[in-house]
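Have a look at the structure that comes next, please.
Labels A, B, C, D and E are assigned to the chains in the order they are written; within every chain, residues are numbered from 1.
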Amino acid sequence: MAGILLSHTEKVYITHGVKNEYRSDGRSNIDYRPMELETDVVSHASGSARLRLANTDILVGVKTEIDVPKPDKPGLGKIEFFVDCSANATPEFEGRGGEQLANSISNIMLRAYQSAQAFNLKQLCIFEGKQCWKLYIDILILECGGNLCDAVSLAVKAALFNTRIPFVKAALMDGGNVDLQLSDDPFDSKWLDVGSAPLLVTLCRIGEKCVVDPTAEEESCSLVSLIVGVTGNPKYYNDYEDEEELPAFEAKCSVISMHGPGSVSPQNLRDAINQGIIAAVCLDEALGKTLFRERRDTEQFKRHSYGFLK
Amino acid sequence: MREVFLSNCEKNFVQKTIAEGYRLDGRNYNECRKLNIAFGSEYGSCIVSIGETKVLSQVSCEVVQPKQIRPNEGLLNINVEISPMAAPQFEANRQTDLTVYLNRLLEKCYKDSKCIDLESLCIVVEEKVWSLRVDLKILNHDGNLIECSSIATLASIAHFKRPDVTRSGESIVIHTLADMDPIPTVLYHYPVCVNFAIFKNNILISDPSYIEETVCTSTSEDGTNTGGLLVVGMNQYKEMCLLDLTGAAIYNSNIVHRAIQSAAERCKMVVDLVKKDIMTDDNLRQKRTKINFADIITTDHAQSLCAKDLCIRLKNFTINDIEMEEETDVSKSIDTDDNTALSKYDVVPSLPQTVELKAKKGASTWIDISSESDED
Amino acid sequence: MQDFKLKPMKCELNYLSKSDGSAILSQGDTVVLASVNGPMDIKTVNQSIEKATLEVLFCSKEGKPSVADRYKENIIRHTCETAILGCLYPRTGITLTIQELENYGGLLTCAVNCACLALINSGVGMRHAVAALSCCVDGAGELVLEPTHAQATAARARLHFVFDSREKSLVTGFTEGTFSEGTYEEALARCRAASDLVFAFYRDIVSNYCHVI
Amino acid sequence: MTEVYKHIHPSKYFNDYINQDVRPDGRDFDQQRDVIININGITSADASAIVKCGNTTVVCGIKLELARPKAEEPDIGFLISNVELLPLCSSKFRPGPPSDYAQVISNIVSDIVINSKCVDLKDLCVVTDKLAWVIYCDLVCLDYDGSIVDACIIALITSLKTLSLPTVTYDNETEEVKVDTGVKIPLQVHGLPVATSFGIYHKLPRNIILADPSAYEEEMCGGIGANLIVCWNKGLFCGIQKFGGCNLSTEDEKRTISLAKQRCKLVEQVIETCIKNGEVK
Amino acid sequence: MPLDYKRFNGPEDSVSYKRFTADYLKSYDELHSELIDETGHRKDGRAMDEARPMYVRGNFVSQAKGSSYIEMRGTKVVCSVFDPREIVHQNEFSTVGLLFCEVKFAPFACKRQRQSHVPDSEEKALSVALRKAVGPTVCCQLFANFQIDIFVYIIESDGSCLAAAITAAGLALANAAVPMFDVVTASSVAIIGDKIFIDPTEDEEHLAMISPDTNTNHGVITMARLNGLMQIADFRQIGSLDIECILKVTDILEQECQKVFPKIQKTLVGYVKNGIMEQKRLSEEGKAREAKLKDKMLEWRSSIVNNSV
């Protein structure tokens, strides 16, 4: 993707490593690299997050706007993803170079969030058929170090978790217009329910095996990769009194998509999907626990802010 | 845009002559070419020419929804277009840096200076306002485009009249021009952009021609650039609304000073002319005289393409000398002709050094060579 | 014979100094400005090894491009392509730019005539000159040659023809509205006869300039 | 072998055929290609027609919409027709917004429909100044093999003839609109304009008129598109357009007009039978 | 939105009349009950696991190098492929050829709303998916620095558009004699709860995209398969499905793709046969002509000999 030039021998080295479940940075095939996550980094946005996964750097901002719902979906809000591949990430993104990549990422995010079981747009409704919230999710790719999709989905979920939307009172006026009343208190707002929002896991097929969280070098060794979007478990994102009473959770696929010029055998595909779901569930648990702990800390003014933009 | 190359000898020659106090067309440093404004049959259309530079401007209006942040203001859009008509190096339907530059300067000068009462363009708050669109077409590019297009913008906006509107309850009625007298646009002040070329960091030249503009912004032979273009936007009250410099940095503050002073004079002159011309035009319209762009066509006067190249400075000759020499083949009717058939070049005092070829149907050709001393 | 009166025509050549050839023409109240540049170097993709590529650009007064403008460009391009001896200038481009100044009916015929004058003025080699004329069928079914603005807008049909100067054969034709076969033939014949007047006007203009040069 | 010859020496190849008084596809100079019409094949459109003139294939689909009429003309509806020349129909066209040529064709087709006055736009108004029908006619070329205007006009008129408008009720008080698709009224189509394209091939001593030229013939006659389009509608012309190509003499012109008239009758028959068959079904 | 200057535009506020019909907004349950009748058959009379009949032909567009047309009742797709051409605006040498795919809907293709002329995100996504699906089968290494254009036009869309587009593109590529590893076919299913709709229509797809309130499965899966090599070229799922369901559907889809395969094969073989026959006929004709010429020549020679004698 990002102008990585590898010699044939280097490629063989990586491929052989993957075959023996031992990757060049010491991980096994199902390990993620360490990542840093920070939320609430952009003060002007309703919610924001910055994620750094090894060399991949993503900044996500969520903006809210009041809009009119679609005529055929009167009870639902709207969500829109916009990916900007900054030319800082790699010189190839200069001009319109990153457009294709940006389109494919925003497209897969949109598809992943389409199902109500992944993200319920009903919570964005203000007045059925008249007014709703529209979420603009701006994704800025600051640096490319492989595995963009996973990083983007993590950052988006974190940013949405961090998003507050103000309480609005709506009343129907004469002539079919809706009167909106916004509270004067900026803290009079609600959190979005994002527990079930999906995470994407990219499985890169190298040789005959699949690895998660590929580095840029590994990506260039692979002909085909599979992206699996898996819904999250709300348990980790909320403070339930009694966990026993929750309905049994089952991770579901909200999107599957293939990339790259190669093809896979049916058995490979099945294994990869299985592997992807397992990885996503682990990832979701880690993310949920971290975010929830952070929110609790913030509420108790214990939060230490660090990192850039702050 | 195709690239235009300027030869070194051309560049050097221009720089040298200007340093010596001469300009190619014989003007003084602060002398401008002849400014002419011609109005078309519709309100808000005019062709402005400064010398050979010609710009067509047309104002049109339509009813639109206002912007949410300014619900009680109308809109103003300025749109500059440079087609291959202006000069061969331009390509069709392609925006060049020059187009963007001109557009931006004009927007600064007319939108950001708030010279137009946008609130008077409002019909129904938050629902309907007039949107004015100024379309500028560069017809001929012979330097000083910014000044010419700024005068064209000003003249056409000042000349423009929008249809009258009456409100009856919810609905609005837009009257045709025949129905009800149209309403002129309210202008708080009349800003004009004046363009100067700077040579050698201390020579200030008003109304630069195409070649002067090109030379002053290009690097000289020794690789340094000591010239540039300075645009001053100013209204008739000597209030500045725009200052823009392209080219080399100025280390001589005096030059800006001089430019502003000179611009003030020029603005006054231009605004007066615009106002006067609009007045005359209005009077003519009241008398139901037909005004049309066809009026700018002069038929009794033919100019050959090479006339431009014959612009030479003949200081040491007087017209009498030449007439003596050429008496044999010059027709007797020169003097009478000069007085009766006024062609646009005969009345141009700022172009005294042109050598011109003139033909009348049926008459034999004759040559008229005039010089500065003759004009004096 | 009264039908053979055309609208007053006025023309100035070399109106623009930067173009290789230019003309401003008024026919009645309609005024058009045309400029010709070329033959000059163009992009390799647009080059033709057999003849010069003619590019026509029609600019309406109010600036917004429209589908109808492209149609006008197409008509002018086709007309001028037959008139120009393009094979003299292979691998080059000729740009013809037309600017509408005033439109009081008959804009397209005026534009074609103006384009022809500008081409003559530019010195591009030409097979023949072209003359465009229009004619309309009024409410009573009568033919009116070179109608005024009011007549043209009220007319049932408007027919426009372009003829060449050598054989007076039809180069281009375009019509608006509905009309019968008889009307068409009469209109064609009448316009063809009247085209002489336009050519005479061209000759006048050109001879004027011959004296100068 | 012939294919190679055609590629290497396209004009000579063509000339060889013309010298034998036959066209490369075996037709006579005056002969037109067969017309095949299929109506209402596209169920997602409100009316549709697929027309094949030889290889040239055009699909017309009509979509109905409702809108407020223009303030200046409150009692008329809209008829919007556009021609799309897809990149898939010929290698001459590239993806992206319509080329200049596509715009010219759109303009010609739309002019013919307006000039022939075959649809009275006043019929399309539901409530004056409040509601009117918008008929979007999208003409899509699937195979470009010349004489595109002919095929477009046939497709457009045929689909207009099969179009019927649902009934609309408009409540003046609440501004509520109700549409009943159960009851439909056929649209009144007056007249039946038929366009006939000709190519004019330059040849000494006499130019040759080619009726219904194919894409290759059009190219030989001076570039993309037909040279002469004659549109005949119930005894009247509603458009004669000639662009470029060689100049046209008076006799040639007479012949094209008589050919256009003949063609008009033929096409009329085809359309009528097609619609009748459709109704029977 | 900026106005499109290159087309005739209707009024900006126009809306489809279907918005005002009585059955515009139906509840989920209503729509759900309409899909299947009491006997377990679908609206159009098919069984759940029955695909629509498919009409396939090649050589549809005379001007293209290769083309195809596929009709599955309400879904009609045209595809054409052109000669490889040099990549424009490319500075570097690329060792593999490029595929350029464009999928477009006709403005009147969808039942509900008029499609805009400007490519929307769905068209872009379909184009990307198509490129992914046909990419593995084209021998791109054979035409370095060139690109092959594949244009797909959906004249009418009634579900399973992507599957139809991929199958059509596969056929058109083969028809254009582009070197390929294998024939690619595609098929799709819609899942609503425990029901699996093979080759879904627009209504079925639409419903499968909406999530019911209960936490049941719903979604659409499209798979493209290289039948000879038994490889999966593309796999695309959307909705919310559990793993068992996906694995089950994968098997079903493989079988469905396999079912389409012979149809495409037959069509292709037919064209090859015709081509050979045509070639034979031409060469025979040529031989006959030559023989005739030879006779004439002999005649002429003998006449000369006779004369001279």
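In this section, a contact is a pair of C-beta atoms (placed from the backbone, for glycine too) under 8 Å apart; a residue touches a chain by one contact, two chains touch by 3 or more.
Computed from a predicted model, the values in this text were never measured in an experiment.
Each step here moves to a touching chain, and the least such steps from chain B to chain D number 2. Chains that touch both chain A and chain B: there are none.
The chain with its C-alpha centre at the largest distance from the centre of chain C is A. More inter-chain C-beta contacts link the pair C-D than the other of C-D and C-E.
Relative to the whole-protein C-alpha centroid, the nearest chain centroid is that of D. Here the spacing of chain A and chain C, counted between their Cα centres, is 62 Å. With centres set at the average Cα position, the gap from chain B to chain C is 29 Å. With each centre defined as the average position of its C-alpha atoms, the distance from chain A to chain E rounds to 32 Å. Mean C-alpha positions place chain A and chain D at a centre distance of 50 Å.
Annotation for chain D: residues touching 2 or more other chains are 103, 106, 110. In chain E, the positions touching at least two other chains are 6-8, 15. Of all residues in chain C, those that touch two or more other chains are 65, 67, 70.
According to the touch criterion at the top of this document, the contacting chain pairs are A-E, B-C, C-D, C-E, D-E. Every residue of chain C that touches chain B in the complex is listed here, in rising order: 10-20, 22, 24-26, 29, 31, 33, 35, 37-38, 40-41, 55, 57, 59, 61-63, 65, 95, 97, 99, 101-102, 104, 204, 208-209, 211-213. Chain contact summary for the complex, chain E toward chain D: residues 4, 6-11, 13-18, 20-22, 60-64, 67, 74, 76, 78-80, 82-83, 102, 104, 106-111, 114, 117, 149, 151-153, 155-158.
Contacts from chain D toward chain E in the complex involve residues 42-46, 48, 55, 57, 59, 61-70, 78, 80-82, 84, 86-91, 95, 97-98, 102-103, 106, 110, 133-134, 136, 138, 140, 142-145, 166, 168, 177-181, 215.
Put simply, chain A touches chain E in their complex at residues 71-72, 74, 103-104, 107, 110-111, 114-118, 224, 226, 231, 247, 250-266, 269-270, 273-274, 277.
Note for the complex: chain B touches chain C at residues 2, 40-42, 45, 47, 52, 54, 56, 58, 60, 79, 81, 83-88, 92-93, 133, 135, 137, 139-142, 210, 290, 292-294, 296-299, 302-305, 308, 357-359, 361, 364-365.
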